[in-house]
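Two complexes follow with subunit A in common, the first pairing it with subunit B and the second with subunit C.
Up next, the complex of A and B:
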């Protein structure tokens, strides 16, 4: 191939790349744009003009206030925090202890226990729904924050333990032996050596778990009934009426609900990327 | 201060893999004992059993007369320097050194005093605020040593601490560790596969092979009185030459016949070689004991050989030569002008020669397994 032809080919490839990438981004962003536009329209405008991606004529920011107060989003968001924070903290605390043991202790059933954790991860929700509902009823913890938190923690344990164990496995074993010689107990080694070293993976996991638990609809649906303790996803589902749905308020509520996970993601983004690629190369 | 005794110590790993077999070693107070041997000989496993990082399968381990087989490492009052340093990457140098003391609830002022003292000894005072990542290999090594000395333990354990350093730094750190031993007056156990480190550092050497202790003694004793062919070949660089010779009893006079040359052993050696008359033995001679024969004869006889390679090292020449069948290496003074292909005659120092049984590989001359025992 001549030099000119090759540079033309390169230019064509670059153009093709940018066109495709732009199209993909547009498709990806369209629902978000529609959501933002809808949240700023009046119901009249939505009904009068069904073209969803048309920008609003006038910006009705008061939709957000209405969603927060009248539609109860404020209460739902607070509830979701009450559920999400202890769930994430609990899952991380318990799974990091389990991961520590699985990564560093040599015992007969080590592999078997790990496989059990992974297998637990693979059981589909549909199979667990009814047993979990009956179990929580039987224990009298249904329709309570505590019950939901407990189930969130237990269902996240499999993945969290697997994830953290694999990360900790990359920490050299001498990081256990050196403090042991220095006189540290195993819990001290966990708390003061291994946890600080595993921090990137903990942070990455915290972001993932926060988003998952925050956005969970199904377990809340199964375990919560009272409106006073409902989480955002249930609240949003509630806003779909049988005869009329206030699309603008639902959209505004959705945006409000998305703020927390987005903020958490941005705050921990650095660790997130570091954590997921950790171990890809030694350095 | 501290005496460490290994009595019939053995280690068997899962799957019936034997790493250490019936080790009997006594390490006296203030000794610098080096465990040396090729990789896989069980020296590190032995050290790790002393540290408490490996369970002891059989035998007894005593520190200061107290049985410590089942005592966890933290209660054995030992400190260890690891091969890969094993510094805590998220802590500063200061915190790395202070960690063990903090765990033991030593008062803050005392910790500070000890850390700064250790830093001064090791010349790392300026690095106290840095993290391990910001240090060179040699500096990390110093911190690892510092972490051990602040604890002021009964016994120091070193697991191939210099093997990750470059050659020049290794020589320097070697001297510093020797100096440290003199200064701290501590009991030290040091593992290495490098026989030069063993020779230069140890007050006592333990040579191991295939999980078995071969011989125990001072470096010079080992060098001059190796118990078997393995120890003889392992200690010393370049290694001892082994030439297969036939022992002849010619009317009461013992002669060693190689085919291309004949030698007369030293009188006390001849008596011990007499029972081997008619059989072959390994004649061991150190490279420096192959002296170039200036005249035409020597009382013990001459080895005639052909020069193959000449390596002038400046202060001396390493000269490789071969008889029609057997190669050897000699260390000769630098003024000799030999080149490849030349004929050469050596007058071996027969007093220093060693003899080994061809089958058992054991020394035919009497030697102690444990010099001090």
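Up next, the complex of A and C:
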């Protein structure tokens, strides 16, 4: 192949990439574009011109205020933060203990405990629903933030432990040897040496867990009843019924509900994508 | 290497494991066994004091048309939720794999649907599927395919397909991520060549790239199978479990237990769902243990 031909070939390949990639992303995100457009339209415009992919003629930002106040999205979003932040922090803190034990100690049941955590994270939620609902009732923590947070922390231990343990396994043992000889206790090694080294994987995991717990519908459905403590997914599902004819408000509410996970994803996307691949790759 | 691991005291690992293991056992492991037990109890008796009901719940399942419909729908979910996202996710991953300027932005944008909850996604897709003014039918009519502009969520024949399409739309980006990880070990030129190089691209793809991607494929397939058997949110949000024609095991279990207060029957459905999933959980755990022994 001559030089000219090969550079043309390279240009063609680049053009093919950008055309295909742009088209693909545009088509794939069309539903989200429709959601954004709808959230900014007035109901009059939606009724008069029901072509969903047309941009709004006038931007009606009031929809967001109405969704926040009148439809109660503001409170649902606050509730979701109240559930999500302690759940993520708790799951990371508790699972890091288990991950440390499984990564650095040799003991007979090491593999068995690992399998228990891994298998548990894949069990269908339906298998846990009735017993967890019943136990929460029995302990008097049903219909409360605490009961939901406690469940989220416990259930997410499976994935978090597996994920963090795989990362910790890659930390060179020499990092532990020196402080041990200096007489540091096992807990000091965990808290002062290993946790700081595991920070990148903890960050990745935090991003993953934040979106998962924020987006959870099923467990809010099972464990929460009072409207005052409902989370955003549940609130939106209610809104669909209540504001059935005001699509623009429902769309605005959906976008408000999406801001936190999307912002976390965009801000930490490097961690997020690495996190998913790390977790998946190792198991 | 293992010989140099910490081993001061036999109790040390258990001191670290005590809290996580206790929480996990109480909230996850014990409930699995409880559900098995509840499957043999009468209606809502577990709330007031379990009444043994023998195999009655399972006998009822065998003759319950709604249950078999849920199984059939789950099978459809499984086939399409694996069959479409896995090859499509691989293709997209191969496209975005090269380090071309901007490819990270494409990856980020393509991944966005995965960060949104099914409540949001379901809401938007319900408008898209709206028979009168939904984007899908507007589009079909505008290109003269009026005959295809059907009641996507109102007609028993199309309902499950319409829901699966939404699930597939959200799953493709996830599979893409799994394959992007797998492709890290494959030379970029090789990947791009097999995408657009006319000569013998299929041979190269099949003989060189696919074998290298086998570990990623095992993960993508088992995760997709397990997720397909767990699908609940889309069905709940887009039908509110009232459209019984679209019911899957997960939603049928939920409606039986929490809408009709038949906890015994709901547990029996959960047990069946669990036993089907168990096969694939074992495959996944086996894969994890295999990788461990290779370490």
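Quick note on the criterion: the second predicted complex is superposed on the first by the 247 of 283 C-alpha atoms of A that agree within 3 Å, B and C clash if a C-alpha of one lies under 4 Å from a C-alpha of the other, contacts with A are read in each partner's own complex, and residues count from 1 in each chain.
Assume a residue touches a chain if its C-beta (ideal position, glycine included) is under 8 Å from a C-beta of that chain, and two chains touch if they have at least 3 such contacts.
It should be emphasised that the depicted structure is a prediction, and the values quoted were computed from it without experimental measurement.
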Task = Determine, under the contact definition given at the top, whether A:131 touches first (subunit B), second (subunit C), both, or neither.
result = second
Ask   = Of the two partner chains, subunit B (first) and subunit C (second), which one does A:190 touch, if any: first, second, both, or neither?
value = second
Query = A:15 contacts which: subunit B (first), subunit C (second), both, neither?
reply = neither
Inquiry  = Looking only at contacts as defined up top, I'd like to know whether subunit B or subunit C touches more of subunit A.
reply    = C
Ask   = Does subunit B (first) or subunit C (second) touch A:161, or do both, or does neither?
value = second
Query = Is A:180 contacted by the first partner subunit B, the second partner subunit C, both or neither?
reply = both
Task = For A:23, decide between first (touching subunit B), second (touching subunit C), both and neither.
result = neither
Query = Once the shared chain is lined up, is A:118 touching subunit B (first), subunit C (second), both, or neither of them?
reply = second
Ask   = Residues on subunit A in contact with subunit B in one complex and with subunit C in the other?
value = 177, 180
Request  = Would you pull the subunit B residues touching subunit A in the complex into a rising list?
outcome  = 51-53, 72-74, 78-80, 82, 84, 86-90, 99-100, 103-104, 147, 151
Inquiry  = Looking at the complex, which residues from subunit A come into contact with subunit B?
reply    = 172, 174-175, 177-185, 188, 192-193, 196-197
Subunit C-touching residues of subunit A, taken from the complex the two chains share = 13-14, 16-18, 20-22, 24-25, 28-32, 34-35, 38, 50-53, 94-95, 97-98, 100-102, 104-107, 110-111, 113-120, 122-135, 137, 150-151, 153-155, 157-158, 161, 169, 173, 176-177, 180, 186, 189-190, 211, 214-218, 221-222, 232-234, 236-237, 240, 247, 250-251, 254, 257-258, 261-262, 265-266, 269, 273, 276-278, 280-283
Query = Contact residues on subunit C for subunit A in the complex?
reply = 1-8, 10, 12-17, 19-21, 23-24, 26-32, 34-35, 38, 46-47, 92, 95-96, 98, 100, 102-103, 106-113, 115-121, 123-128, 132-135, 138, 169, 172-174, 177-178, 180-182, 184, 192, 196, 215-216, 219, 223, 226, 229-230, 232-233, 236-237, 249-250, 253-254, 257-258, 263, 266-267, 269-271, 273-274, 277, 280-281, 284-285, 287-289, 291-292, 295
